[in-house]
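Each chain carries a letter (A, B, C, D, E, F, G, H, I and J) given by its place in the written order, and its residues are counted from 1.
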Amino acid sequence: MEFLVNIEVEWPPEGDPDELARITAAERVRADELVREGRIRRLWRIPGRRANWGIWEAPDATELHAAIASLPFFPWLSVEVYPLARHPSDPAAQSATSEEAQQP
Amino acid sequence: MEFLVNIEVEWPPEGDPDELARITAAERVRADELVREGRIRRLWRIPGRRANWGIWEAPDATELHAAIASLPFFPWLSVEVYPLARHPSDPAAQSATSEEAQQP
Amino acid sequence: MEFLVNIEVEWPPEGDPDELARITAAERVRADELVREGRIRRLWRIPGRRANWGIWEAPDATELHAAIASLPFFPWLSVEVYPLARHPSDPAAQSATSEEAQQP
Amino acid sequence: MEFLVNIEVEWPPEGDPDELARITAAERVRADELVREGRIRRLWRIPGRRANWGIWEAPDATELHAAIASLPFFPWLSVEVYPLARHPSDPAAQSATSEEAQQP
Amino acid sequence: MEFLVNIEVEWPPEGDPDELARITAAERVRADELVREGRIRRLWRIPGRRANWGIWEAPDATELHAAIASLPFFPWLSVEVYPLARHPSDPAAQSATSEEAQQP
Amino acid sequence: MEFLVNIEVEWPPEGDPDELARITAAERVRADELVREGRIRRLWRIPGRRANWGIWEAPDATELHAAIASLPFFPWLSVEVYPLARHPSDPAAQSATSEEAQQP
Amino acid sequence: MEFLVNIEVEWPPEGDPDELARITAAERVRADELVREGRIRRLWRIPGRRANWGIWEAPDATELHAAIASLPFFPWLSVEVYPLARHPSDPAAQSATSEEAQQP
Amino acid sequence: MEFLVNIEVEWPPEGDPDELARITAAERVRADELVREGRIRRLWRIPGRRANWGIWEAPDATELHAAIASLPFFPWLSVEVYPLARHPSDPAAQSATSEEAQQP
Amino acid sequence: MEFLVNIEVEWPPEGDPDELARITAAERVRADELVREGRIRRLWRIPGRRANWGIWEAPDATELHAAIASLPFFPWLSVEVYPLARHPSDPAAQSATSEEAQQP
Amino acid sequence: MEFLVNIEVEWPPEGDPDELARITAAERVRADELVREGRIRRLWRIPGRRANWGIWEAPDATELHAAIASLPFFPWLSVEVYPLARHPSDPAAQSATSEEAQQP
């Protein structure tokens, strides 16, 4: 199941720059792992903000929470999750369907 | 450039069912064209609502507007557009980059 | 997977009372079916409103949408869906866990 | 009487990790007590957040407040309470009714 | 248990004046009954609006809903209910307590 | 003139417990004075929050402000004031009217 | 006592132009009466809207409501009332005070 | 003085298409006049909506209101006006200043 | 041109009382100057809050900003400005007009 | 492509005045560079606030983000970006079109 996830990073401007650099690097590593595990499908910056929109995939909200909570920035995140249902005109759904249709 | 687009269909419950069926069919056709033209990249239903989230792609907001306004349901739509910037951990961006990196 | 669902019924006060009675009866039948199918787990009226909070269960948001859209009042509904993740202190989760723990 | 309760934990990211661990453990103990006392009927994590939705039961709002205020995290909580009324299609209400109906 | 109730009357300005007069009269009668039954404890107009704030009393939200839904204007009402808990400095609670204290 | 007053106490969770105890005690004393002076007519806790709803009475908003600002917690309060107008079905107004009507 | 009043006129664009003209003329007459009675102290259009901000004066919210409800447009109005308290730096308050100070 | 103006056109989807075409044409003519009169400085469509953001210029809010109210679509418009103050880094302000600085 | 201005003072409850007293005194002096300069026309406290509503007058938003930014509390202020247009029923506008009408 | 950008500067009132002066000066320099690079087209102060509205131009949201994130105040900024589409009545669009029309 896919989820649309809005993440705002509420790092204090007066925060320690070294800790910020360290967590940012760890976040990058963890995000890449979540990409490889298929949890993060797409990710975009929200222009002008320390924030992003993402398409996440997980069996259910429990595993989605575990994935988000594994981010090193988690204590500083404000997160909104929107569950997504399949749409008949979704290109990904269509190609999946037509692939199935072409199965012998 | 990609955009996250939230569309609510405000069709009146008392609306003519025949017109609804006709516009729904035309909407499906037009949505499929927008998929083939590469304007609509992904599309999901918002569960419980006549509404959807979509990832749209267009050179700029002017062409995005033209694409959305071409939908037969446009007079009944309430639409919010969120511009999207590239994120360094986006899987799509990464594969694009690595493809470029592999170019001779 | 469980979902918290908020449903507001936006039936117009000037609506036809016979149609309202007919749809209300059909809604009751369909709600009872959804209860028997295990889609609706709990349902409460929001005091003072034609509205309810419910705990719904479905494999994913796509099937949840199909269940909600099957309600006869669907064209008049304004629906918000909140995905739910397991909480370690949830009584239901605990009894499930202890049952599993007692399995031979 | 049942209540739907939304709880957000506003623990500061810079808070003392030892105090956080200590309060988290105490919270778990107190939550389990409230479960055993029948105050907490169901509890779910809100995915991506330090937050939960719960179904609480108490004779009235005064005792509900006492129960919530007994949580060790109470000073850091932002809480919204929604009173719940019985719905004729609620599975729990139905089984209660049919049990009553079967009484000799 | 007491509840704070906010009621907005959404009667359409183009509504039939005779029906408005008839329902207004019936509403007055029903409100007076709810006062006599002890359901409505206090009632104030919100200045400038067809709206009121009220202190209602009912054993639980189910009976509160039944009382509100019995108002002839109910189909045109938008209602918000806020549950109320006892406060140690409430004059009414204090006099109740001191009366109890004076009991032999 | 009566006012509906919503008060949220924004005391920081990390605040000094001794100061909190001292101000809480002083608040209790001052609230009781305001009750005796007829400024506070009713007071309820909002369940789950350090907050209350109150019915206050004052000749005008200037004296209401003076009363609220006299609370020891005032620097930590977030306050919303709603002016109240008489409602013809208010039990208090009715008894006042009938008393007047019974005057010789 | 003074009140800040925000009034939005929700006249339907499809409304009868003759009725609109008639009510607009009657509104003008009534507004001028309220000015002469000292109820309306100042009145400004909100640019771009059929709406206004006003400074109203009335002994209390009950008489303020009576004044607003006497406007011919009342059934089409959405009104918000903000009670106002005296400010020590208010020019009107200062001149009143200095006039008093000059009293023999 | 400049103003940022947000205009939403709330034309009903069921409105008469001929009237819509007629008003749209008249709106275009009036907008062009407002451009020539220097009232409208810039105008952009909000993608996906029947709405626009504009930079308007007028001596004050009274004349701004007159300009907006002169639009044929005015009865169907929902308008928000944001007053604008000069910013020292504004390119237009800078070129104006440097032109003045170059005056003999 | 007149503006309606809403000012909230966000002074931290833990702030230094001596600095608060000093800035409050300076604010009073500066407010009185703005009154004498004709910038502040009316000023009211918002009951229950460290906040005020004011009617300000300035040639344009640039000079209004300069006036507000000159307040000693400016770094702690949250300010909303609403531009005001003349209303034909405004008492002040009417007396101005009638004075003009009486000019020879 | 043009964007409307709303920027609020959330500098803490208790912040170091020297650092504020230093960052303000650097911000001015960077803003002037962004003006010269054609990123910032117009910029206005929001009266009464440490905030501004701007018209920015960038090939896409990615480069817009890079430009905004290059501002020295970026860690203290709260930014909202609104994408802009061409409007047929925009004076700038019209002059561009007529220039094109005059091309031989």
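We adopt the following convention: contacts are C-beta pairs under 8 Å (C-beta built on N, C-alpha and C of every residue); 3 or more make two chains touch, one makes a residue touch a chain.
All values reported here derive from a predicted model rather than from experimental measurement.
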{"item": "Lowest number of touching-chain links that must be crossed from chain C to chain E", "value": "1"}
{"item": "Chain E on chain G, rotation in degrees - Cα superposition, rounded to nearest 5", "value": "70"}
{"item": "Recurring contact interface, reference C-E, options E-F, E-G or G-I [over half identical by residue number]", "value": "E-G"}
{"item": "Distance-maximising chain from chain D - centres being C-alpha averages", "value": "H"}
{"item": "Separation of chain B from chain G, taking each centre as the mean of its C-alpha atoms, in whole Å", "value": "46"}
{"item": "Interchain centroid distance [CA atoms averaged], chain H/chain J, Å", "value": "20"}
{"item": "Set of chain E residues in contact with two or more other chains", "value": "3, 45-47, 61-62, 64-65, 81, 83-86"}
{"item": "Touching pairs among all chains present in the structure", "value": "A-B, A-C, A-D, A-J, B-C, B-H, B-J, C-D, C-E, D-E, D-F, E-F, E-G, F-G, F-I, G-H, G-I, H-I, H-J, I-J"}
{"item": "Contact footprint of chain H on chain I as seen in their complex", "value": "1, 3, 60-62, 64-65, 81, 83-86"}
{"item": "Chain A partner contacts - residues on chain D that touch it in the complex", "value": "11, 13-14, 45-49"}
{"item": "Contact footprint of chain E on chain G as seen in their complex", "value": "3, 5, 7, 10, 12, 61-62, 64-65, 68-69, 75-81"}
{"item": "Residue ranges of chain B in contact with chain A within the complex", "value": "2, 4, 28, 31-32, 35, 40-47, 52-53, 55, 82-92, 94"}
